[in-house]
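In this document, chain identifiers A, B and C correspond to the written order of the chains, with residue numbering beginning at 1 in each.
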Amino acid sequence: MDSTTFSLFQIDIVTIFQHLINGLTLGGIYALIALGYTMVYGILKFINFAHGEILMVGTYFSLFLFNTLITGGKTGAVLFILFILALLFGMAISALLGVVIEIIAYKPLRKASRLAPLLSAIGVSIILSNSAAYFFGTRSRKFTYPLDNKPFNFFGLSITPVQLLTIFVCFFLMLGLKYFVDKTRIGRAMRASSENQNVASLMGVNVNKIISITFAIGSALAVTAGVLYALEYKVSPTMGTMTGLKAFIAAVVGGVGNISGAMLGGILLGILETFGTAVLGIPVGYKDTIAFGVLILILLLKPDGILGKNIKEKV
Amino acid sequence: MSLLYTKSLRKTFGGVVAVNDVDFSVQENSITGLIGPNGAGKTTLFNIITGLDSPTSGDLFYKGKSILNTKPHTIARIGIARTFQNIRLFKEMTVLENVMIGRHFKGAHPYFSKNSYYNAFLGLIFQKKEELDIYQNAMKWLSFFNMAGVKSELAKNLPYGKQRELEIARSLATEPDILFLDEPAAGMNPSETEALMQTIQKIRTLGVTVVLIEHDMKLVMNICEHITVLNYGRKIAEGTPSHIQGNPEVIEAYLGKDDE
Amino acid sequence: MLNLLLLVMILLGLYIILSLSLNLIAGYTGLLSLCHAAFYGIGAYTTAILSVHTGLSFWLLLPISGLVAAVSGVLIGLPTLRLKGDYLAIATLGFAEIVRNVLTNWDSLTGGPRGISGIKPPVLFGYTLDPLKKVNYLILVWFFVAITFFVLKRIMESRFGRALEAIREDEIAASSMGINTTKYKVVSFSIGAFFAGIAGSIFAVFIPVVVPGGFDFMLSVTILCMVVLGGMGNHIGALIGASIIYIASMLPQILGFSSIISPQFNQIIFGLILVIMMIYKPDGIVGRKKPDFEKLIGASLKKEVSR
């Protein structure tokens, strides 16, 4: 037997690593979006269905600023710096949007039944995606590459600079967030609020402020993911829906409310999707079935996710 | 012979032993008290007996047969009923409906009543007769608790003490042989507690064995014939009220605790 | 114009069947399901596929479609119904997406995105219900609206229905009242799925081509909103909710404004209503109806007393 070939699928090891890189890129994007879901669920115990749409709106704003800035043709380092600027702009816009949405559509519902915020979030997501379609048009657009995207060869692997950028940015932000939540005062307040809001506020934590910060961070991370995603794919009013759903699945797979879980879930889902279609030979059309199948399977086998805690209802 | 007994029942949550090899028994037609400081494992023991929780090891016998790992709805059907420490009424439903649900598996027709949806679809003739039967029985229990007048109120709108009573009425509607009351007097004022004591004794005269968890020592010492004391999951004493009151280990368990 | 009104009334009838049946699942039993559109789609595709391949009569395909949807309800319900609240919502959403994904991609069976056409119209006493003569379908649909309404009403006025409501209120307490909660939840889920399948079957014989696009997440959400707007746990509520939301969404077309108002604008309004409603009137237009047992069993009660 050829040492570089797996007997099962007759695929050589280089191809496996190639898919792994591709899966990691996609997975990093899922993970960044999943963080927003998981942080919000941790504190407010509800699924922010509008998260994907916030991502979409922020990405549009990034795109618009970027396109305006690069008119006349920019190259090299200038182009890349303008891209970062546009990205930061999109992050700021969506952070603001996330905070405003929370205050208008979710905050009045904190004491309501669990159905109310869920439906309110669905309402917000309908408003955002249709507003985008109305104002920006349904035509999908593409980012100009902010850097020379010629793939380079790395031990036989073909890696594009955009992939490298995506993986780098995702991991940098994830580690940054982990540090922020684990080691800073605000991070500690966030953890306290997700354990018990009432007690946290008795201890002097301004829970409303913490919730706003959570929404701001979650939305900003999602836009980063959205822009990176748009570099490879497209910007459209519906881009947030399916990506958002998949990211939510990632959050559930890792264990909703658990930040490391969201990262793990995102990366696992990205790799599974890539391998499912590329290695196991599942037709590309059924890509979504893989993700949702994984979701249902996880919910059945370990409903609290891979890293989730098992919390039983007190009788 | 005991109506219900456990054999070195054990339950651990992670590293914590909530119920530690407990032998607990209930004599037929008695009023048995289960007492102990908070966190002694009393509710956990109730939960295991009523099928809401499964023990780590040990066995559980009812009418001479093991009922280990029986589902809660089957437990109810073989004559074991309970109330809950944090009242669990069907809040958005009326008082009458709450008690009628207690009659759920006591349908009038031997075949069609076994599966209630046959009746909803097919049992046109039996439907009314069955509903009438359930209604009348539920009303009987409401009258028992002097609650017939509030039958159309939503359960959540009742005062606290009445909610506790409604929960007992609902359990009695299942016609249990044994009734487990989890802190029935919690949140009641002295006169309500007094009335509750009489009610519990009245329930026993109906032929129902009563087991209760209670922190109100006056109530426990007055109406229980037999008391079991748990502390840190272990049975530290059992016997008659006077026996328990003089037990040094029990006194020790309660000492240091403020007004238990 | 008349044609448009007929069309609106026919589709409204289907929406009412869908919201009535989801009301059983979500409103009465308290199971937050986001896959009702999938059951509707399963019903429609069962009729479409069997009609084209076997040529069976609609009157046979109708119950078959309902049953296929009900069986899918059991299959998805058995494993997922032990999940609670949001988790159940997400699991059912996942199931719905898988169904849509399969309908779109299984070209050889479902015709993929192009869908299935050439479904035989129903024949009644030798008279073919021509899809172009909409009055026929108006009667057909509303006949089934009536059946659905009365069957579901009857279920909810029975011991079984009361048990479902108990499960919604408190599952643990319900189980300690002798109710087999798992079984009842699955049965409730599959009855709801059955009627959604029936609606799908009627939809399939009425429209020229069955395509996967319509049976999506948005439809499930819309049906859920109908139930919530009208009032969870009230049949009349589901009826009112469906009527308001569907007619409101069709108003621009009925009034002839559709060329001026873009469909997105319509959706934005829908989203706004949803948010505002959740904030100010989360219990819907009509709340839960308290059953009047004296009236329901009145006759037998009197007889009993006089005896």
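General observations
Everything that follows uses one rule, which is that a contact is a pair of C-beta atoms (placed from the backbone, for glycine too) under 8 Å apart; a residue touches a chain by one contact, two chains touch by 3 or more.
As the structure is a computational prediction, the values presented were derived from the model and not from experiment.
Chain-level centrality, scored on Cα centres against the all-protein Cα centre, points to C.
Set against the Cα centre of chain C, the chain with the most distant centre is B. In terms of their C-alpha centroids, the spacing between chain A and chain C amounts to 33 Å. Once the centre of each chain is set as its mean CA position, chain A and chain B turn out to be 49 Å apart. Computed centre separation for the pair chain B/chain C is 40 angstrom, with centres defined by C-alpha atoms.
Residues of chain B in contact with at least two other chains: 52, 84.
The set of chain A residues touching two or more other chains comprises 315. Along chain C, residues 172 each make contact with two or more other chains.
Within the complex formed with chain A, the residues of chain C that make contact are 32, 79-80, 83, 85-87, 89-91, 93-95, 97-98, 101-102, 104-105, 172, 218, 221, 224-225, 228, 262, 264-265, 267-268, 270-275, 278-279, 282.
Interface residues of chain B, counted against chain C in their complex, comprise 50-52, 71-73, 75-77, 81-82, 84, 88-94, 96-97, 100-102, 104-105, 107, 116-117, 119-121, 127-132, 134-136, 152, 154, 170-171, 174.
Only residues 46-47, 104-105, 108-109, 112-120, 122-127, 130-131, 133-134, 245, 248-249, 252, 283, 285-286, 288-289, 292-293, 295-296, 299-300, 303, 313, 315 of chain A touch chain C when the two sit together in their complex. Residues of chain C that touch chain B in their complex: 151, 154-155, 158-163, 165-166, 169-170, 172-181, 187, 288, 290-291, 293, 296-297, 299-301, 304.
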